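Next, two complexes with chain A in common: one pairs it with chain B, the other with chain C.
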Partner chain A sequence: MTKKIFITTLCLITFAILLPKHVSAANYGMSISPPLLRVHIKPGKSITQVYKIENLSNNDKTLVAAIVPFTESDNFGNPVLNPKTTAPWLSYFSLANSEIKFNKPFSIPAGSSEQLILSLSVPETAPLKDIYVTLIVSTYENSLDQTFQGSALRATIGSNLLITISSQAYPDTILRIEGFYPAKGAVIRIGNLYFADSITPLKFTATVTNEGNFAAETKGVFRVVSGKNKPVYLEGILPVNIIAKSQRQLLNTNGDTFEFSPSLGNIGPHQLSLEIKTDNSNTTSTIDIIFFPLKLSLGLLISLLIIISIIKITSKTPEKST
Partner chain B sequence: MKNRHVLQCVFALTLVLISSFLYPSFSFAANLTVAKDTLQSSRMSFSGRVKSPTIAGSTHVWIYTTAATVFTSISTAGLKPGDSLIIGGTNSYTIASIIDDDEFTTTTVLAAGDADDTDVIYFKSLPQHVITFKTASAVPAGFFRVLIPADSTPATANNGIPDITGFDFNTTPAAAGTNTTGYTFSTGVATASGGTGCTSPANYHCFEYHYIGAGGIGTNITLSIGNTAGSANIIAPAPSASRVANTADAYTFKIQNFTNTSNPNSATPTDDVTGKVAVIESVRVTATVDPSITFKIEGVNSGASACSLTTDVTTTNASVPFGVMALDTFKAAAQLLTVSTNAVSGYVVTAIENSRLSNLATSPSYIPDTTCDNNLCDFDTPDTWATAANNAGFGYTLAVVANAPTIAPTAPNYQHFPSLADLESPFQIMSNTTIASSQQAHVCYKLSVDATQPAGNYENQITYTATASF
Partner chain C sequence: MKVIYLITLIFFSIFFTIFETSLVYADDLKSPTFEIQMSTINITGGAKSSTTYKLTDTVGQTFQGQFNSAGYVILTGFQYINTLIPFSFKISDLDINFGSLVPGIPSLLSNTLTITTGSAFGYAVKAIEDHPLRRSDGITTIPDTSCDLATPCLQTDANVWSDNTRFGFGYNMSGVDVNTADFINSTYYRPFPVENIDQPAIVMSKGGVATSSAATVTYKINISGSQAAGTYQNAIQFIAIPAF
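Moving on to the complex of A and B:
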């Protein structure tokens, strides 16, 4: 009995030591809505957008709001932010709140929310181009503990704004699909022709480059067509924004790379295409693949060799003399 | 004389009685009252067509938005996820999601022959009809007949496909009456429009409910067509050709009460009534959830296990207080990051420090950012860092805690934070390419100082920024 109690206690102590413990006192939790705003605006016009900032922490937070411009993004649509960056058109933006201004601290009580009323006024003389900014809301500390040794944390949450200043509703977009290839190892390539096994799923990667001066959206389909021009597979492209002069990876609607699982019937030449349609342009990239039953043929060949070997061995067995 | 008058009166009375037997008086049909045909669902059926680029092997279906002949359903407004559809004429598919007015997805891929341009798409709405009314007169041992509007072509009116001018008979619908005082019903008889005994009035399906009993005046009667399971029901109409969007199509039904031996095709009913029944598209209830991104930072106690380390200090959401350092010895700390977003492109969390851990109180001195064991790691290249001696510095790593975010660097590899002072760009430490629900990761800090480090308090500021991707 004593032994059981000892083991149980030991287990409980072990669990208590090993399990991670999170401090439940002060924490940081912030939410911003909407996380993305896409705006088409003509010079001389203004718009207002309300942002809801929610303090999910269990204590009051002092925050500061700011606008940070960006011009670059990675292949997944994440802006490359530099808080020190500035731009002359930042003056287009202002907060219409009576109490809250950019770069001035404001408080949100624990469990409460605050609205930031963002105003964008584009002057008549504004150049016709895209401007990209992130509205950031950061924690604010103005006290410094001289005895502190370590890292102080600043948490920021941001919402991206992709703004097209244009006198046209649908300014010209120039998209180009690049790197539309099957994953390495699954295919044999001869020139521009690919050969693949007819029962092995194939994954495809591709990127799209926006060579234009305005952001565009990647709406389209991944299509597989047989040699008889009969569509055999269709999958949507995840609609995402691609900012001017940038590149993005194309993904399917589940956020994964494109995948085609051929069946036994998919033998022979097939054409795979990625098609993106914007409001005023189309772009397509195609690859040709010949599916053939490689694995099946190898299986049959091996089976045949085994059978032939068995027959040969059997036929070589000497007959017993009578 | 008096007897003569009495005899004359008796004779006259006898004549009246005899004549009343020989020439019965006419009875005029009265109205059955409070008559209703309550549908289990007033939902219309769907009769539409597949449109290109729908293809076999895909779950994505496009529909025509222009009507043609009997294909009058030109919007997905009448459909909802979970509906069972006939596509291509034979095979059944379940709707997975409605994309927009002319697109939806199915839970299984379309078979060959079901995805060709103009292939049919049907949804059969199979509501039970419950017909209620009050009798006007007592008709002993008679029968009620309910007439439901049907397509004018008998073959079309009973082919198991939704019609646009009436209810489809659907082969074998059930009919039943609920017994009540004066009315004990036998099983109802259903006859498709144009069938035996169901030719007049034309273009109506007939449902007869025979009963025994004396009948009654003002008795509440309940009759039904079909059942609540929809297994023996007539099919509700698809939108009529003249229908205006979002308005109901109304149809006239009739209820008649006949005496027992009447031929309902030719006889005049004792009582009858005419009513209206209407069908309309289902109302798809939708709710909008505002897009948002949520970012949380929580401290982790000392002694906790994170990133294959046991932490030495307790952190908060706003600080990582390493405190007093022993020479050539690691001190570890951790924080928990949590991100959720319903933005379709996902999110990213970046990190950057304002500068190295600095002591600005006296003469400027710094604890270096780690270059790891092999002097190979920097702010965007990780490497192993297991030895404190001769590898002094400040660095970090990450480990997934929940719901599989993409993270970098990952333990046991470390790197140091990019520095604003050195004009380096923020580094992406945590991300996801689609919607994310409570994705969690530990960010673990490690610090080591050597004997050459001047005494003093060193600090810096790390900024974590969470933004939705676009």
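Moving on to the complex of A and C:
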């Protein structure tokens, strides 16, 4: 009996050791909040902002936090980061955490979160201008196993900070709307006038350029008025940030291009306008479109031709001789 | 006579359709998506709506008043996204280990990138490598692919790489928020940009809210018979940043 128990135990131990174990591959999952910080600050003032970093992966992660400046972005507000750039104002930023510092590794256990307490202290002598940075949190690089053949992946997640250093709440902004055109649809252009079918939806694209030295927000409306200045359609512009000396595509509040679907009643001249109103300036771009029932007229004309043809054929049918 | 009557009738119909004064009623004024936004510091606020309008507002001290008294104003996130869900980025597998490579026979591996913008509006995921796949001697490399001879590819312009006599290392993208005008199908590849030389290349992006947008990255290596034996390694960095 003792011998049987011994053999059974031995077998179980052997299987437990030799059976293939479930090994999960190293994955990555990280979240950051908030994704955007917009700060207007006077020289000589300080602020702190808490960022929550959560490790969503199934293993502990060693990370490094850093501040990376940027001066450019694409038309959709994605910053072009310059990791090699240095600027004297980078010293305005620090982490108020007791154990976590910029460019020093720190760990977050799997499924846990950590707070980064970002401090911004603007000296009295700071120049009045915008500074743009991204707070990035990257996986810390370890040396690879010598038998590993291929690519070891690193991951970085970030949050943008748009900071305006100014002595006034609303520093001057200079926005200009450009390229406000019908994107597609039945449109004929003669000079500055557009002719469009009155039952075909029209899409419009436009960009806005910030020629000023401070970031601004694209608050405004897309408006359509008839020739008698009666409002026909009104839609909000998606309020997005546009940094200094950059360009952004304007979108509606759903994040799509602007669209106007005229009805049968929308015939004749109409004015379409994009109006952006910042706290201290306005900018407007307009286009004139004459809607006419092109498709409807063509349909009627074809119907007319068919009817005439039928009548002619019917009237020419020779009568049967008696 | 009947024909003339018919033509006259149709002519007048067209004439009145074109030149009739269009009647615009008050309820033609459409503003179901219009939002009024106020720059105030939150005391209370929220979304209000009826059948004809949608308004998100904040009530409290004005931006100007807050700036004058405190010397700063902080705005976090995006007013038009009513969520506290954070911006998150996931990679299904961090180790792209090809193991042994056979000359002339491409090796393929893949993993998945997943983005949730949460309280951000739009994002871009960019990729860059530290250097081409390189042996421990620091000199010998597997070059980054230039795709087929007839269809050369660039770091931001994918093209066909199906010729097994063309050697190198590259990647293909498929799935949500991938530029399918560039990565047309699974035969289209790009080389990775190189750190300190090139700018990171966008591999996923969206100009709006993304909820668990997932894309597959397929990594491909094809080596020649003359490739020096050894272990080749590099590091690829994926950078996920929300738009502003």
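Here, the second predicted complex is superposed on the first by the 294 of 322 C-alpha atoms of A that agree within 3 Å, B and C clash if a C-alpha of one lies under 4 Å from a C-alpha of the other, contacts with A are read in each partner's own complex, and residues count from 1 in each chain.
In the analysis below, contacts are C-beta pairs under 8 Å (C-beta built on N, C-alpha and C of every residue); 3 or more make two chains touch, one makes a residue touch a chain.
This one's a predicted model, so the numbers in the text were calculated from it and none came from an experiment.
When the two complexes are overlaid on chain A, chain B and chain C occupy overlapping space and clash. In the superposition on chain A, A:162 makes contact with both chain B and chain C.
When both complexes are overlaid on chain A, the residue A:254 reaches chain B and chain C alike.
Looking at the superposed arrangement, the partner reaching more residues of chain A, out of chain B and chain C, is C. Once the two complexes are overlaid on the shared chain, A:149 sits against chain B and chain C alike. By the touch criterion stated above, A:170 is placed in contact with chain C alone, chain B being left untouched.
Of the two partner chains placed by superposition, A:109 touches none, neither chain B nor chain C. Contacts of A:308 after superposition on the shared chain: chain C is touched, whereas chain B is not.
Contact with both chain B and chain C is seen for A:52 once the two complexes are overlaid on the shared chain. With chain A as the common frame, the single stretch of chain B that clashes into chain C is 91-99; none of the other options in 1-9, 91-99 or 271-279 do.
According to the touch criterion, the shared surface of chain A, contacted by chain B in one complex and chain C in the other, consists of residues 25-36, 38, 52, 54, 56-57, 73-74, 76-81, 84, 134, 136, 138-139, 141, 146-160, 162, 221, 231-236, 238-241, 243, 251, 254-255.
On the chain B side of its complex with chain A, the touching residues are 53-58, 60, 290-301, 303-306, 313-325, 333-336, 338, 341, 343-348, 350, 353, 357, 361, 394, 401, 420, 425-426, 428, 431, 433-434, 442, 445, 447, 457-470. Across the complex, chain C is touched by residues 25-42, 44-45, 47, 49, 52, 54, 56-57, 73-74, 76-81, 84, 134, 136, 138-139, 141, 144, 146-160, 162, 168-170, 219, 221, 226, 228, 230-236, 238-241, 243, 249, 251-255, 263, 265-268, 279, 292-293, 296-297, 300-301, 303-304, 307-308, 311 of chain A.
Here chain A touches chain B in the complex through residues 17-23, 25-36, 38, 52, 54, 56-57, 73-74, 76-84, 134, 136, 138-139, 141, 146-160, 162, 221, 223, 231-236, 238-241, 243, 251, 254-255, going by the rule given at the top. Within the complex formed with chain A, the residues of chain C that make contact are 2-3, 6-7, 10, 13-14, 17-18, 20, 22-24, 28-31, 33-35, 37, 39, 63-64, 67-68, 70-80, 84, 86-101, 109, 111, 116-124, 129, 133, 136, 196, 199-200, 202, 205, 207-209, 219, 221, 231-244.
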